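The same chain A turns up in both complexes below, where it pairs with chain B and then with chain C.
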Partner chain A sequence: MPDYNVPVPRYWRNIPTYYRLTVSRCRSCGRVYYPPRARCVCGSRDIEQVSLLDACRKFRLAEFTVLHSVSVDFEKQKPLIFGLVKCENPEVSLVSPITDVLNVGDLQSGIELEPVFRVVKRDGSYGIVCYGTKFRIATREVKV
Partner chain B sequence: MRAGIAGWGTYIPRFRISTREIARVWGDDPLRIRDLYLIDEKTVENYDEDAVTMAVEAARRALARAEISPRDVDCVFVGTESKPYAVKPVASILIDALGLRYDVQAVDAEFACKAASDMMLLTALAIEAGRYKHGLVVGSDASQGEPGEHLDYSASAGAVAYVLTGDREKMCAEIEGFYSYCSDTPDFWRRDGSPFPVHGEGFTGEPAYFRHIIAAARGLMEKLGLKPNDFDYVVFHQPNTRFPLRVASVLGFPIDKAKPGIVVDRIGNTYNASALLGLAKVLEIAKPGSRILVVTYGSGAGSNAISLVVTDKIEHKRELADKLSEQLEKKILIDYSMNLRFRKLIKMLHSG
Partner chain C sequence: MHVNKVYVKSLHAVTPGRHYNKSLRDLAAEAFLKAWEAAGCPNIDMIILASAAVDIVEEQLLSSSYVCEYLSLENVPSLRIEVGDASGTAALAYAYNLVRYGVCRNVAILGVEKITDFISVKVNKVLSYLCDSTYESYYGITPAVHAALMTKFYMKKFNYTYEDIAWWSVKMHERGASNPYASLRRKLKIEDIMNSEIVADPIRLFDTAVPVDGAVCIILSSEKSDLGVELAHVEQHAYNVSINMRPDPARLFTVNAAREVVQKFSPTLFEISDKFSIFGILILEELGLAEPGTAPKLIREGTFDPGSKVVVNASGGLKCIGYPMGASGLYLSAMLILELAKAEPFSNVGDHSIGAVCDVGGTDRLSNVLIFRRES
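Right, the complex of A and B next:
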């Protein structure tokens, strides 16, 4: 039996969220949910799916943390950096991996980030390659 | 042709390694290496980058410049020789990553470094025939080079994407014509299951690169009734800096027309993205009315020569996504050990 462990159906169901940062927005009260939810706390089920990549022009790093002790699946990617990323419109915060950082000193609260499509995990030698969205320091400042 | 470019997008990894650093590790003379290839630095894909991730990034920028909805794209074709899967397409991942419709034609093509340009031409023909309105074509490679060998100094990573259209209102460069020239010339290959390609050393030059590029370029100029003087820019496939400059000279183009399209000196050979990234660099500076000759080359071997004429939409398109010139500047230099780690060249019992 080849060594693959990622439950493929679960990964496949989450592709819109992983690839395009799809959030759910309540059409009644405007609340935004990431990860997406089928029902709003206001009781409404009138929910639309919105990709933050289309809706949000600017992402900023609020805070970040550097992990040197990581789970076995990510040992070869140490250190992992996770950031609290703020999107202004719609107003939503998400925890996301930060990539392309060699020197942690380059990261500061408030800097502009850009989303990038990256490999999150390769499932052994024979399993699937899981892709998703990470963030990195922006190439150019977005004028809004 | 009634088809042309509506938008282009480029993507190169931030990490770079200098050829001087590679020469230090392998005991080569860095000055001799630089003189041989005229390459200062090459890109290195991060541990979490591959031909798929770079293709997505380039395509997002191309769609932004094309100013069309992803839902209006009728086909997505990818030219690559470094797919992360032996069986499973890159093109289908692009559909969901970009938010394209599901009723599109999607396929990956392989002809060493040439496939992306073939897919551009096939898309243009389908557009001209009225089958597609807009098509997306991506060339993306995170290519392999055996450590310490010639390719270690040049094989790099990058992607380029073009949205093609038949709508003149959206067109920033019209395809004027093309000419293809192919033969069975074994100058470079990688057998199934082999981690690195084999290079035919001196055989890669005259009978392979130069023969096919020169034949395709001359064939196109004859077909269109054009002379070297009629072109403002020429862009050739770039395995190193010497080859494209030499082929320009052989074809009678002054060096000043070839230099603006050179990218290999700063990023290495990006294979399917190579000449097409050079074209993107030229589109960032070309004026309306400029005529550009692009000649791609794929080992095995073949060339596509394409003539494009820039339209007055070009100035507006440039600012709609980040430029290659900006991406070239935003870099992080790494040493050889990080290069080995990022490119997964260290043999391990446990991946992750």
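Right, the complex of A and C next:
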């Protein structure tokens, strides 16, 4: 039996969220959700999918951790860094991988981050290469 | 409406650990048969299997039925309850209602986990399924990441150092060193905790509960038993919200919701889920046993040590018992029942008549609080 775990239809379905960081926004009250929801706590089912890469200009690091005890798919990448990333507009937070960190000391609460497109994992010898959005310390100039 | 009192008929806990020579069915059989024989082999109306990962590790659906076949309980109905690492206490809560409302007379709750068939990185993958598979585990996020972030937020909020948090583990290992039901049975110094390998900064190995195999069976009944312990109340709360969407990541909202019931029953004996040290600390504060920001100080000072007015985790908690995932809460319950019954090795715990178990599923997605009472 070929060695792979990620079903292709599932991956394909999730491409908008993995590549474009889509979140749910309630058209009625404006609440934003990540992970996405089918119904807002206000009761509305009028939900739109919004890409944070299009909608949000500023991402900030609230807190982070360096994970050494990783799961089997990430053995070759360890250690992994994960941060609680705050998006200012629309206001939503997410726990996301932080990448391109040469020195962990460079990571401080409050620093600005930018999203980047990266390989997440390779699914065995026969499976697909999985991609997703990670964050790195901002290098670009930010237009306010 | 007539309701029954719900008594603990009997129990048996297999010492958790790396049981390479035993299958999941062997472990389940050992726990069930010893508990059943201790109860005088009563007619069992239902078996409820509590396991978080039996389908993943054993590649087995209908696991409760196959366990029953192994026990030659050919006509006993069974089901499995899975709500992650709170499966055990959820199963107890469900069984409580079956007995209380007269649906069943005797129900066996069988918590079992067989995790050490997998190597540690594979175990980490199974644990990561407690997080959101699509949005978190996909990127490699595990519960340790959540706990690390919670710990850092807590430390910052109350100006604690990592050493202050690490004392939780020292105190648990003081207690667990003499507990024959513990898989990690030795005292540790603060240096041992602080020099253990880093899992997810700042969390180190001894701040976690080590995944182990385990099986424990508790038989609930509408008939009194020699143990003399009653399951008096169950309380279940949920907050189905991911850690990034919470107003404060360093809070356990579901545990806080159970505060009133703790005030009502005033238990003086607690067994709480300390799968990570921060969970133990936060549970003390959310239940109102310690003011916000004071738990690390109080635990270090010995406020909740055996022999005190309020005793927490006389068993050594999950730090010493280990972390048999879905069976964890049943182990905590079994320890509390033995403590209330003043059974060995808990004769030094003190004289307590009401105790509570507080079990948390995932990162505060749900919690179960169970109140046990010793019959006077």
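By our rule, the second predicted complex is superposed on the first by the 143 of 144 C-alpha atoms of A that agree within 3 Å, B and C clash if a C-alpha of one lies under 4 Å from a C-alpha of the other, contacts with A are read in each partner's own complex, and residues count from 1 in each chain.
Heads up, the rule we're going with is that contacts are C-beta pairs under 8 Å (C-beta built on N, C-alpha and C of every residue); 3 or more make two chains touch, one makes a residue touch a chain.
All of these numbers come straight from a predicted model, not from anything done at the bench.
Colleague: Between chain B and chain C, positioned on chain A by superposition, is the outcome a clash or a fit?
Modeller: Chain B and chain C fit side by side in the superposed model.
Colleague: Determine, under the contact definition given at the top, whether A:V120 touches first (chain B), second (chain C), both, or neither.
Modeller: Touch partners of A:V120: chain B and chain C.
Colleague: Could you tell me if A:D100 is touching chain B, chain C, both of them or neither one (first, second, both, neither)?
Modeller: first
Colleague: Classify the contacts of A:P35 with the two partner chains as first (chain B alone), second (chain C alone), both, or neither.
Modeller: second
Colleague: May I ask you to decide whether A:V72 touches chain B, chain C, both, or neither, giving the answer as first, second, both or neither?
Modeller: After superposition on chain A, A:V72 lies in contact with both partners, chain B and chain C.
Colleague: On the A-aligned overlay, A:V129 touches which partner chain: chain B = first, chain C = second, or both, or neither?
Modeller: Touch status of A:V129: first partner only.
Colleague: What angle, rounded to a multiple of 10°, is defined by the Cα centres of chain B, chain A and chain C, with the middle one as vertex?
Modeller: Once the structures are overlaid on A, chain A sees chain B and chain C at 150 degrees.
Colleague: For A:S51 in the superposed arrangement: first (chain B), second (chain C), both or neither?
Modeller: first
Colleague: Look at A:V8 in the shared chain and tell me whether it touches chain B only, chain C only, both, or neither; answer first, second, both or neither.
Modeller: So A:V8 meets neither chain B nor chain C here.
Colleague: Pick out the closest CA atoms of chain B and chain C after fitting on chain A and give their distance in Å.
Modeller: Least C-alpha distance after superposition: 11 Å.
Colleague: Kindly list the residues of chain A that each of chain B and chain C touches, one partner per complex.
Modeller: In chain A, residues 72-75, 77, 120-121, 134 are touched by chain B and also by chain C.
Colleague: Taking the complex as given, what residues does chain A use to touch chain C?
Modeller: 10, 14, 17-18, 33-35, 63-75, 77, 80, 82, 84, 92-97, 120-121, 130, 132, 134
Colleague: Which residues of chain B touch chain A in their complex?
Modeller: Its residues touching chain A are 14-15, 46-50, 52-53, 56-57, 60, 84-85, 93, 96-97, 99, 322, 326-327, 330, 332, 334, 338, 348, 350-352.
Colleague: What residues on chain A touch chain B, complex-wise?
Modeller: Touch list, chain A to chain B: 15-16, 19-20, 51, 53-54, 72-77, 99-100, 102, 116-122, 124-125, 129, 131, 134, 136, 139-140.
Colleague: Could you please specify the touching residues of chain C with respect to chain A in the complex?
Modeller: Going by the criterion above, the answer is residues 119-122, 124-125, 127-128, 132, 134-142, 144-146, 148-149, 152-153, 156, 197-203, 242-245, 249.
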